[in-house]
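Some structures are shown below for you to check.
Note that subunit A is present in both complexes that follow, paired respectively with subunit B and with subunit C.
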Partner chain A sequence: MARSRVITHPLSRRQILKGGSALGLGSAAALGLRPSWANPWGQSNVYSKGVEEGPEVALAIRRESIPIAGQQARPISINGTSPGPLIRLKEGQDAVLRVTNLLDEPTSIHWHGLILPPEMDGVPGVSFPGIAPGETFTYRFPVRQNGTYWYHSHSGLQEQLGHAGPLIIDAADREPFRYDREHVLLLTDWTFEEPTSVFRNLKTAEGYYNFQERTIADFFADVREKGFDATAEMRGMWAKMRMSSRDIADVTGSTYTYLLNGHSPEENWTALFKAGERVRLRVINGSAMSYFDMRIPGLKMTVVAADGQPVQPVPVDEFRIGVAETYDVLVAPEDDTAYTIFAEAMDRSGYARATLAPREGMAGEIPERRQIADRGMEAMAAHGMEGMADMAGMDHSNMQGMDDAGMAGMDHSSMSGMDHSGMAGMSDERSNMNANGMLAAGTAQPGSRYDQAGIGIDPSERRMLVYRDLKAFTPWPDRREPERELELHLTGNMERYIWSFDGKKFSEVTGPIHINKDERLRLILINDTMMEHPIHLHGMWMELENGQGELIPRKHTLNVKPGERVSALITADAEGSWAFHCHLLYHMDAGMFRVVKVS
Partner chain B sequence: MTTRIPMTAAVALLALTTLSAAQAEDGYDAPASWPSPVVEHNMGMALFDRLEYAVPDKGEEALVWDFQAWYGGDVNRIYLKSEGENVQGDGEDAEFESLELLYSRLVADFWELQGGIGYQGGVFSDDHTERTYGVIGLQGVMPYGIETDVAMQVSDEGDVSASFEGEYDLRLTQRLYLQPRTEIAVAASDVEEFGVGEGLNSVRVGMRLGYEVTRRFAPYLGAYWEKQYGDTADLSRADGDATEDTGVVAGVRLMF
Partner chain C sequence: MRKTLLALALGLTTTAAFAGPGHGGSQPSVSDADIDRTIRFEAGDMWFDPERIEVAPGETIRFEITNVGNVEHEFVIGDAKAQEAHREMMRAMGGSHGDGHGGHGHGGHDMAEGEQGGEMPAVTIAPGETAELVWTAPQGVGDLEYACNIPGHYEAGMYGNFVRQG
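Right after this comes the complex of A and B.
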C-alpha cells in the first residue's frame, strides 16, 4: 500500500482484499480507502469467523487526504478509513478499545447507545478530559446488550469530518428473527467546507444553505391552486413571524454530499445478495445534520429493531431515520435484479444511494425525487403564539393542500400541543391516570404525533414507518409507574442560530439536571421550535411512550417534531454525569446541551 | 478629545464581550481541569450591503458605501457601521456620512439595541465639515421580514436627529432578488453646515435587482428617487442644488 496505515485485524485486511478484488478495483491504494465493513458481500452470519472482531480493538485517529466522491478531501480517518471501520463486539465480552489520537487537537469517541460506566462514555468534559494529541485512551467496559449502534467523536465539530463508524454487537442468545446475510448501511453527510465555516455561515447569515426558499413563482402557483385569499393568508402568517416555511434543514445538499458507507450516489456502492436470501440491513444515520427517508423500491422492508433494540416486525415501504437513530430491516429479494437503496434527505435537497444487487456492476432505477414541502400549522404553532389568533379563525378547508401531509394528519391530538389546556383527550387522560395523578406508563401524551412520520411525507403514497408502530417484544424490566415528571422545552432563536433547552444555552445554565438514583422518571420533551430535534440521552434508555402500553419501545435517540410533545420513561440506574443533547451537531454546538446527573 | 472617546469606548466594549465569553462556564461539577463539553466562540462578520456607483440625474456621480461589521457572541456585540460617499470630480476626498462604533445587545429575538459614538466628516482628510455624535438605535427585523435600522443621534453641539432605514428582499428565484429600500431622515434643529433643517429632511426610495452568485457576492443594478423637504430643501436651494433627484446605481453586495 502506498501509505502506511494501522490495520488492526488481519481479518480486516483480508476483507478489504476480498472486497476489492470482487470489485475489480485497480490500485491497491484505492482498496484501502474502502472501510472493510463496506465490502460488497457484507458480513454473513453463515461465515461466523468473519464476524468476530472484539473484544480488543485499537483505533488510530488521523486527519489525512482521502478522496471523497472522487474529489480531494481531508477527513478525519479511523484506522485509515473515513467513516471508520466496523467495530464488532459480542454481548457478554469485556471490550477493550484503545484509541490513539494522532490529530493535533484533542479527540474522543462516544459509543452511541451503549450502556456502560460513565467514565467510559467518551464525552470530553462530562465523562473524561478527552484524549490529548499523541495520547492513547483505553476504553474498557462490559458489553451488556446487542444490536446495531455506532460511534463518533464528541469533540467539537469533528463528527462532521467523518469521525464516526458503525458498531455492531452480536447477540449472546438467538435474536427474534432470522436472516442469511447482513449489510451495514451507514448514512453520513459530507461537506468540502470546514465545519467551523459551516457553523459560522449558520451563525452569521440566516438561511445560508437554503436554496429552496419560496419565490414569487411559488406564490402564484399557490394562488392558482388554492385561490388568492388562502395563499395570501398563509404567506402573510409566515411573513409576520419572520420565518420560512421551507426551513426544513439548516445545512442542505447545497454543500452536503450524502454518503452511504462513505460513497457518493454516483459511486453507487453495491451490496450483494443471492436471490431468495433474507438480508438484514443495519441502517445507521451517522449524519451531522441530515434526516433521511429510506426506501428500496420493489422491496418491502420489515423493521425488526430500532436503536439496536428488537421490535415486533413492521412491514413498511419507507422509513424516516433521524440523526443518530438506527433501524434494522429485513428484505427478501426474490428476483435476480438490482434494487436501489434510496435515502432522500428530508428537505429533498439531495440523496444517498446504493444498490442491492446479485452481482457487481448493476444499477437499479433511481426514483424520482420529491419536492420540498412547506411546513404547516404545527410548526407555526410551535413557534409561538403570534399567529395563533389568526389561526383559530382560519377556515381549515382553505388550508387543505398547503402542506398535504401535515394537514391531512392534523387532528385534535396535535391541536392540544398548541394549547395545553386543550380539550382533546381529556376524558381519556383521566381514565389513564396512575396513583400519582400522572398518565399511566406507556400512554401517549396529548400533543404527540406518533402516527405521523413528519414533514414532506404523503401517507397515502406508501406505507411509512411511524413511531406508533414500534412495539417491544416483551415489556422492559422496570414495570414501575413514573414517580416524577421532568418537562423540558426545546427552544431556539433561528435568526441568531441559538439553540437551547428551556430557553437557556449550555453556557447559561448553572448545574446539571438532577435525577435521583433508581427513580422511575418521565421525561417530557416539548418542541417549541419549528425544526425537528433528535434528542439523545447518554447512559440510560428512554422508553418512548408511544401508546403501546407495557410494550413501549426503548430508544437512545428520540425525534421530536415541531410543536410535538413527546415523553419517555427512564429508569435512573446509571449513577454519574451524562450528556443529554440535540444530536444535530450544530444545534448541540450552539448550546442545545445539558448534563444530567444521576445521584 | 474626539479620538480619546472612541478609544475608551472601544476598550470598554471589548471588556464587555470578553466578559460574556468568560461567563460561558460549565454548568456542572466536572473537575476544573476538564474542558467544557460545548465551547462557545465569539464570531464576526462584515458586510457591504451596498457598494455602488451612483449616477444621478441632476447631482454629481458618486461612489457610495453602506457597510457594517460586528464581532461578539449571541447577545453582546460590537458594531462598526459606516455610510458615505466619494463624489466624483469635486476634487475632495471621500466623506463619512456616518462612522459609528456601537455596543449592541440582543433585547428580543429579532432586535438589537445599539448605542455608541459616531463621526461625520472627511475620510482621513479635512475636506469636509466634521462633527461627532452619540447614537442610540434599534436594529432588527420587523414582522413581514423588513430589515430595519432606526437610530437617534445627538451631536456634540446638542443637535438631535433621527434616521430610519428599511429594506426587504423579495425572492424572484433562488438567486435573483428584488430589494426595495427606504431611508428617512428627520432633525429637531437646523444645522446649516451640514445642510440639515428642522423637521423632515429627506426621503429616499430605491429598488435594487441583485443576483447572488454566492451568498457572499451579489452584483446588482438599481434606481432611486430622493426628495428633500422643508428647511433642508431651502438650504439646498440656497446652495443651488436640486431638492429632488433620481438616479441609477450599479454595485455589489459583499459579505465576509
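Right after this comes the complex of A and C.
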C-alpha cells in the first residue's frame, strides 16, 4: 500500500541559513533535533516553513522568486518563506511583533481571531494607515487567549500571493485534551496568475474559472433523465438567477494549486508520528477562496477545538473547513503505516494532500475524488419560501411536477433542509421567546441548517462534522439575553461580480455599522446568494447560536450556506472600529466589507 | 472478570451504606477492613490524573474519583477491547447507556456493558462530585485500563493504564 517516492525539495536560502530550524519536510529527527515527543506538553515546532518564537518577533515582507509546486513563482514571502513561518506565542505574554515592509507597495498583517486593541488589528484604513514601503510597524498587544489561529495581509489581494502563516498560542493552563505530538496543517490556494488578473477575469466573465458548467451534452442527458419540460424549466430558473447550478466556487482548481504547508500534492509533505501516539493536528484554512473537506482515510478524527476555542470532543470521519476557519483534531494512528491527509476542494476541482507517516518517503493511497456537486434544489431551500415564488414560477404545484419527473437535483438532503428551515423552526420559535420578544439566547434561528455540512456531501457516506456538533465546555461569561437584533443580508450579483451586504458595496455605504459599547447584540446573517460566505468579525467573538443553549461555541468566522439564516451573539466590549467582511478574498475586494464601530 | 468485582460504591457521603438498594445483593458488601488501599484521583476535561496506577493482583482498592471538570465523566475498568465495545455502544445510543437512568450515563453507579455482554466496573461522576468504586485487581490487571467512554472523551485522551506491581 505504501509506495515510496523521491521528491526534491528546494530549500530557500534562508532555510539553509537557519541551519534546519526551518525544515523543508518536517523531518526534525533527520536533522538530529530534539524530537517533539520528548516534550511533555506534546508541543512540537515541526512546521515546514520555520518557526518564530514570541514574545518578540521580527518579520520581513518581500516579493521574491521561490519555486512553488516545482515551478517558477513570485510569491510574497515572510522571513524568506511563503506561506510565512509559524508564529508561536504564549498566553499571558506581551507580544511585540515588528513587521518590516520590503515590498514596493503598502502592506499589513492582521492577526486573525485575536482579541486585541483596535489599533493593533492590522486593517489599513480601519485600524491603522498600513505599513508603507521601507517602514517597520511594531504591533504590541497582550496575549489573552490560546489556540490555533493564523495571520495574513489585509492589504488588497496580497493574501493570494502567500502573505499568510499560522499563529499558535500555547495555553497557560491545561487544555481539555491531551496529545503526544502536534502538527500544523495550513491550507492555501496558489495561482501562478497575478491576483489582479484573477479579479479582472471574475469581473469580466462570470464562470471564467468554472469549467464544470453544464454543457449541451449535460442538457440532453438531463432531458433523457427528467424529460424536456422539467429540464428546460430548471435551466430557465438558473439563467434567471444569473448563475449556473455548478457555481460551487468562483475560483477553482483550473487556476489553483492547492497547497498544504506550502507544498503541492505531488510534493507530499509528510507529518511524522510513532504508532500509538495521539497526534494533534492544527488545521487552518488560510486560502483566499477555497473551502476544503478534510479526512484521513483509516483514522477517526476527534474535533477538540474550533476557531481556537475548545469544544467538547466530537469524533468524525470528515470535516468541512470554510475559508479562515481553524479546527484542531486528534488522531491516534495505531499502525506503522502511512495515512493520507486529504483535503478535497469543496467544488471537487482539486485537492491538497499530505501524508501522516512513521517515516519519511512513505505515501498512502489517494482516495477517489467525488463528483462535482450540483447546487440543484439546495439553492431553493436557500431562498426560503418568499424566494421560491420569484424563481421562474417554482411554486408548490410545479415542484410536485418536478418530483414526479424525478429531478436529480431534488435529493432528500436538500429537501430536509427546507423542512428544517421552514416548518420545524417555526414551532421552536414560539416556545423560545425571551422577554424582549426575541428568540432565547442560544436558540437556532428558523432557516439555519446547522445539522448539514453543505453542498456535495452525502451524510450517509461518513460521519461529517456539522455546526450543530460544536459545544463549549462552559458558558461564556456574558449570559445576558440579546437587547437588540442586527440583521444583515449577504447579497451579490455573480454576473457583474459585485458582492455586498444589504445590496450595498463597501464603496456605496455612507458610514460604519454602529454598535453601542457593552451592548449584547444578536447578529443575524441571511444569505441571499447561491454561494457559501465565511463571515468574519474582527475584535470580538461571535457566539454561534447553534441550538446548544448556554454552551454555544464562540467563533471568529461563520460559514453561512446558500439561503441560510445564521445568528450569533456578540458582547460589544471592544471599543473602536473593526472590520467585518466575507473572507473570500475577491468577495471582500468586490465590496462585501463593512466597518463596525463600537462606541 | 465478574468475580473480581466485589462491590460498586455509592457517593462519598454514603460510604457507610455499602451494598445499598440498587445492587440487588449480588455483590457482597465490603467493610473498610477488606480494603488494602485507597486511591484518590481526579477526572477532568479530558483526562485522569494519574494516567497510570500500579496495582498488585488480588489487591482491593477503593477509588475516590473527583470530577474537577465541567462535564459529566465516567470511570470504567476493563481491557482495551471491552472499553472499545462500550464506546461503540455509547456512540450508538447518542452518549447514554439507555439503562433507564434518563440518559444520564450510568446514573451514579452501574455496570458498563463490554464485549459479549461482559460487565465492567463503572461509575459516573457529575461535575464537582466525588464517587467511589471498590474493586479487587484480577491476575490480568496489567491488561486493564480505566477510561471514560462518553463519545469523544476517550479519543481526547481520557484514559489511564493499570500497571501490574511485583
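Everything below uses one rule, namely that the second predicted complex is superposed on the first by the 480 of 599 C-alpha atoms of A that agree within 3 Å, B and C clash if a C-alpha of one lies under 4 Å from a C-alpha of the other, contacts with A are read in each partner's own complex, and residues count from 1 in each chain.
As a convention for this text, contacts are C-beta pairs under 8 Å (C-beta built on N, C-alpha and C of every residue); 3 or more make two chains touch, one makes a residue touch a chain.
Treat the numbers as computed from the prediction; the structure is a model and nothing was measured.
Asks: Based on the superposed arrangement around subunit A, label subunit B with subunit C as either clash or fit.
Replies: Aligned on subunit A, subunit C fits beside subunit B.
Asks: Looking at the overlay, what does A:98 touch: subunit B (first), subunit C (second), both, or neither?
Replies: neither
Asks: Determine, under the contact definition given at the top, whether A:370 touches first (subunit B), second (subunit C), both, or neither.
Replies: In the superposition, A:370 contacts neither subunit B nor subunit C.
Asks: A:156 contacts which: subunit B (first), subunit C (second), both, neither?
Replies: first
Asks: A:484 contacts which: subunit B (first), subunit C (second), both, neither?
Replies: So A:484 meets neither subunit B nor subunit C here.
Asks: For A:302, select first, second, both or neither according to whether it touches subunit B, subunit C, the two together, or no partner.
Replies: So A:302 only meets subunit C here.
Asks: Under the stated touch criterion, which partner chain does A:314 make contact with: subunit B (first), subunit C (second), both, or neither?
Replies: It touches subunit C, and subunit B stays clear.
Asks: Using the touch definition from the top, say if A:178 reaches subunit B (first), subunit C (second), both or neither.
Replies: So A:178 only meets subunit C here.
Asks: Identify which of subunit B and subunit C touches the larger number of residues of subunit A.
Replies: More residues of subunit A are touched by B.
Asks: Minimum CA distance, subunit B versus subunit C, superposed model, integer angstrom?
Replies: 41
Asks: Starting from the residues of subunit A touching subunit B, keep only those that also touch subunit C in the other complex, and list them.
Replies: none
Asks: Note which residues of subunit B are touching subunit A in the complex, please.
Replies: Touch list, subunit B to subunit A: 23-31, 33-40, 43-45, 74, 106, 109-110, 141-145, 170-175, 215, 255.
Asks: Taking the complex as given, what residues does subunit C use to touch subunit A?
Replies: It comes out as residues 44-47, 69-71, 91, 151-153, 155-157.
Asks: Touching residues of subunit A toward subunit B in the complex: what are they?
Replies: Spelled out, the residues of subunit A in touch with subunit B are 106, 123-126, 128-130, 154, 156, 200-201, 203-205, 208, 211-217, 236, 239-242, 386, 493, 495-496, 498, 505-512, 577, 579, 588-589, 591, 593-595, 597.
Asks: Taking the complex as given, what residues does subunit A use to touch subunit C?
Replies: 174, 176-179, 278, 300, 302, 304, 312-315, 330, 332, 473-474
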